[in-house]
Each structure stands twice: as structure tokens, then as C-alpha cells.
Amino acid sequence: MLEARAVSVAFGAQQILRDVSFEVGEHEFVCLVGPSGCGKTTLLRVLAGLTPVSSGRALFKGDEVRGPQTALAVVFQDYGRALLPWRTVAGNVALALEARGIPSAEFADRINPLLEKLRLAQHAGKFPSQLSGGMQQRLQIARCLAQEPQVLLMDEPFGSLDAITRQELQDEVARLAKDERRTVVFVTHDLEEAIYLGDRVIALAANPGRIAEIVTIDLPRPRTQLATREDPRFLEYRHRLYRHLGH
Amino acid sequence: MKRLAWFSTSVLFLAALLVAWKLAADAKLVNPLWFPGPDKSFSKLFEWVTTGSLWAPLGQTVWRMFAGWLLACAAGITLGAAIASSTLARRLLQPSAEFLRPLPASAILPPAILVLGFSDAMIVFVVAFGCVWPILLGAIHGFGSLDQRLTEVSRLLNLSAWDRAWKFQLPNALPHIFAGMRVSIAIALIVTVASEMLSSQPGVGYLMLVAARAFRSADIFAGIIVLGMLGFLTNYATQKLEDWLLRWRPA
Amino acid sequence: MGAVLPLSVLFLWEILSRLGVLSEDGFSRPTRFFVAGARALADGTLLQQTAQTFAAAAQALLIAALAGIALGAILGLFRPLERAAQLTIDALRPIPSVALIPLALLLFGFSREMSAAVAAFACFWPILLVTIASVRAIDVRMLEVGRLLGFPFAKIIWKVAIPAALPGILVGIRVAAGIAIVVTVTTEIVTNPRGLGFAMTMAAQSLQADLVWATLLWVGVIGWLVNWGLERLERRWLRYR
């Protein structure tokens, strides 16, 4: 589905990524994890078509990624800046439908189920400034889902949220991904989050950013916050990948 | 309850000042020819309203003020959008706009009279000229300040240039534009009245100047009250419009 | 780069005027009005009129500052008084300064005081409001320290309150200075036969288009210079912030 082939990115004299290659299969949930400065956000932006490569190629379904496209939706960490403050919750989701050219008569039928799924239905008429951080991030996810993308690219989406909200949203995203059989690339600095959510975890090393290890996560689904995190295999994966985080 | 108490206090305070005014006028501290009491002023105003002689000049003043202001809004917003979209245009035009902003709008009156003569069109033009700079500068600032993240979102959604301008740039610019509009409406009132006084065009301003020459002080004070109310209402209306249009802003 | 536009406008103006496209009575042409301006500068009239305008504006600013700071300090320190006065302020502030021109004419006739009175009214409000806000923003702790050190009330005001509120007040005065000049010129244009505003009106009445434009240009430059000068002054004085 998505492929990075010998991707290197340099900004001026600084080498951010060097020779990164990996593949993401259809319906797969892949997590990119690594310490700060390892270029994981840059890598995601390369896949999204927002940042150009210095050498190598990024491919989506075999075609080279030349720029942003609607088939690849991006959920940003700074949700406050990625939402339209002047539109309501429903309005923000509608934006994706408008972009797709869907007639406005169909909006309600498409928006309401999405809001229900992300537990925002009773806030449909509110503005982003009236929502909590967690709700705003759910709104961003709802808008991305309204795009009906083929791949969901998520850039440390829960990094700005408190621990409880983070866990709630982890489970919500995991559920959505499995229910709708979505392909997800999830960037995080939280190793446990990566192992908890991913089918595969790609650990990146820093300076310059490059792949340190790729691990397939063989834990049963659906995963739960308590049981899965106590599973001995979970701890094994954690031990194995811990050293790549710059410790 | 507390708010009501404070409101009553401020009403009493204002009433006390009015009483002081009346006492000062009665005591003839200043020549009554120049300084009528509040009773004379308000009754003159009442007379204007009941005989209908207020409405024609007031209508003139109001229509000129709004015509000029609306013209300035249209020009300021469209020009501002155009200028903001091009760095070259910004560098060429913004310095001139900044230079013209501190220029007294009324200073345009003598040249305008020379070129356009004494007419409604001249007044509307001068009002528009005075009003356009705050709006233009607000629009340039507003249109150029779209968060980079939102620009990326618009690219990811593959939005057309029109969609991006209408759904992203314009709402984002609106707070800055409104700030300019609020400043301009105050300028519009001042410039309209000044123009009427200078060019002897029928309107509240001219009415008051004529009264001054005829030593009709009650008329002058009535006129001051009218203009004060006009100023208050336009400011209030603009503020309420802004509060409603921009109700999405964080508290 | 910012000079490109004005220079091209002047250039175009000159050409269009010579071609007869722009009527000479109304528009004159740049070469002519620079000459007229130079002449007015040389024989001192322009400078005299500038001095008249500045004198009235300065008088207005002084009156407005004294009244505004005094009243603002009192209202800022005594919250109940400020709340009582709120309605009165809201009722008087929206009155456009030009509305007072006829009254000032009646009271002061044609004189410097007439312009100064109208401009003082306009300048009073920004100074008052900014003083109230600045005084209210004074950290209560600073005042307490003053009291703990045993200072009498007046000394607290002088040594603690005023320096703390000063930066905000100076900003208000800078804004008011600009307003003083604008309103003074406006009164001169409308009726008062003195100063730069009158220079323009008189030139327009005697159909001297070149002098009108020259004076306008001069007013623009003066206005910009005053604004620039005040901003620099403010930045130097408030460097410690």
C-alpha cells in the first residue's frame, strides 16, 4: 500500500533521515517510534506528500507521492491548529464532505453516524474553542474519517493529552481501525503506546534518522489496557525495543 | 442584583451631573446665550423630533456616513486580499498605506472640493478615503495570517483556490478586518460631520454650524446630543455584529 | 521599495497633467506644487502655520493629560467611583469631537483656544481610559509594601503608583498626541482661520490647486514624522520594560 524506498531527507546541512526503507501493507496498523529528533514526523510528512524527499522515493499504491492527496488523511498533534475555529463540530466534519463534492443534502446522514462513533454527537453545534483537548482531537479524527481515506497517517495524535484521555483514545482508534479495516501509520514517542496499538512497530534511531529495528507484534486482539499491558510478550517487546529510544 | 445596584448608581451619577448642569446654567455662570440648561437642550431636541425637522438632515448624515464606510469596506477587503496574496504587492503597497494612515482624513477635504466640487459624491469619497486605511491594513494583516497548519489541511483536502479563499482565508481574516471596521465607523461619523460643516451641505453638521452663527445655543446642544447618540448606536451595532459573527472566538 | 509606488504615482500624475487628461484647476501637477511648497516654506508662512497648529495641539494635549491623568488616577484607585461614572463616560465618549466645533466657536470665537478645546475633548478619553486601566493594574502588593514602609498616602502615589502606571499612561499620551494633531487640523479646515488646515482651505478657496496639494503633502509628512518621533521616544523611555 505505502512504501518508503531509500528515503533520505536533508534540510540544508542537517541530515534528518537517511536511507529509510519499509512497507506498509493494506489494513495494517504500523507504529513508528523513536526518540526526539529521529525524524519520525518528517517521515510521516514525506508519506503524506507534505515534505519532499532529498533522495529516494515514497510510493502510494505503486505511484510516486508528489504532493498531498485526499486518499491519505493526516491527523496532526496540534489539533487546535488543524481545526477551523469558525466552524462548529458538524461544520468541521462537513468540510471534508464539501471537499469531496458530496451534495449537502447527504451531509446529515454522513456526519451524524461519524459523530456518534466518536462520541461527539451531542456537541455537534459547538465551536472548537468550547471543546476539551480530547474532544478536539476526536473531531479531527472524525474529519479525517469523513474524507474516507485509504490510509490514516497520525502524527503523535495523543501527545498533548492527559493520560486518561490518551488511553481512551488509544482504544477508540484501535477499535475504529479494526472495525473499518483501515491502514494506519501511527507516529509516537511512547513505546508502550506503539506496542499496544501496532501490528508492527518500526523503531527509528536518531542522528541521522534511520531504521533501527522492525518488530512484528504478535499480541491478540482486541487489546485491553490492563490485560494486554501485563501480557509477558508485551513486556518482552518492550525490553527489546527499549534501547532504541536513546537509553 | 449587584449589577442592578451598580447600574442605578451610575444613573444617579449621570442624573447628578445633569442637575449640576442645570444649576450652573440657572446661576448664569456662563452667558446663557452660549450655555443653555439641559431642559432647553432636550426640549429643543424633542421639538426637532416632533416637528420632523430632525429627520431630513439626520438622514443625509447617516446615508453619507454609511455609503462612504461601505465603499471603504468593499475596497479595503478586496484590495487587502489581493495585496496579502503577493509578497511583491505587499512590499510595494503596504508602506504607502502605513504612511497614509496617520493622515487626518479631513485633510483630503480641500483637494477633494477642488476636484469634485461641493456635492454628496465629494463627501462620500472623502469619508471612504478616510475609512479605507484601517480596513485595508486589517485585511492585509488578516489575510496574510492563516496558520500554516490550516494551509496544509486545505492542501490535504485538495481544496480549490476559491474554496481556500472563501472557507479559510476570509473567516481567518475577519477578526482583523472587523477591528479596522470598528475604527473606521468612528472616522466615518467625524469626517461626514466635518465635511457637512465645511461644504455647507444639508446635514446635522451644517445645521449646527448655522445655529452657532445665529447664537442658537440650544440647537447646538441638541445637535451634540443627536451626534453623541448616533456615535453610540453605530459603535454598539458594529460591536454586536462583530460579537455575533465572531462568536466562535475563545472567551 | 516602498518609495516605488509614490514616485510612480507622481510621475504618472505629471504626465497626465501635461497631456491635459487631468484638469489643471483641480489637480495641478507635481512640479508645480513642489515649487509652491518651496515658496511657502521660504517665505515662512508654512512654518508659521505649522507652529500655530502645533501650539493648539500642544495646549489641547496638556489640558487633556492633566485632566485625564488626574481623573483617571482617582477613578482607577476607587473602583466604586469608577463604576458610578461608567454610564456618564459611555454617554459622553461617543460624541464626535467635530460636534463640539460649533459650541467651541460660540464660546471662544476664532482663536487658538477654540481648536485646543475641541482637540482636548478628543484627547481626554484615551488618556482617561488608559490611566484608569494602568492604575488598576498596579500590583496591590507594591502599594502594600509602600504602606508597610510607613509612607504617607501622597508619597505612595508619587513613589509607587505613578511610576508603575507610567508606561501605560505614556502609550495613551502617544495615541492622544496623534489625535490632537488630527483634530486640530480638522477644526482649522472646517472653520478656524489659523494653522495648516486653514492654509489648505484658503488655498482651495482661492483656487490655488498647487498650494493645496503642497500643503497636503506637508501635513502628511508632518503627521508621519510626529508619529514616528513619538514611537521612538516611547521606545527609549520604556526600554526598561
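First chain written, first letter: the chains are A, B and C, and each begins at residue 1.
Quick note on the criterion: a contact is a pair of C-beta atoms (placed from the backbone, for glycine too) under 8 Å apart; a residue touches a chain by one contact, two chains touch by 3 or more.
Remember, predicted model here, so these are calculated numbers, not experimental data.
Omitting subunit B while holding the rest fixed, one finds the remaining chains separated into the touching groups A | C. Legend note: the chain whose CA centroid lies nearest the centroid of all displayed protein CA atoms is B. No other two chains have as many C-beta pairs in contact as B-C.
Subunit A and subunit C have Cα centroids lying 56 Å from one another. Subunit B and subunit C have Cα centroids separated by 18 Å. Taking the mean of the C-alpha atoms as each chain's centre, subunit A and subunit B sit 50 Å apart.
For subunit C, the set of residues that touch two or more other chains is empty.
Listed for subunit A are no residues, as none touches two or more other chains. The touching residues of subunit A, counted against subunit B in their complex, run 48, 50, 67-70, 72-74, 76, 78, 81-82, 84-87, 95-96, 98-99, 127-129, 147.
Those residues of subunit B lying in contact with subunit A across their complex are 147, 149-150, 152-153, 155-159, 163, 167-168, 171-172, 174, 246-251.
By the touch criterion stated above, subunit B contacts subunit C in their complex at residues 6-7, 9-14, 17, 30, 34-35, 91-96, 99-100, 102-111, 113-116, 186, 189-190, 193-194, 197-198, 205, 208-209, 211-212, 215, 217, 220-221, 223-224, 227-229, 231-232, 235.
Residue ranges on subunit C touching subunit B, taken from their complex, read 1-6, 23, 25-27, 80, 83-88, 90-92, 94-103, 105-107, 178, 181-182, 185-186, 189-191, 197, 200-201, 203-204, 207, 209, 212-213, 215-216, 219-220, 223-224, 226-227.
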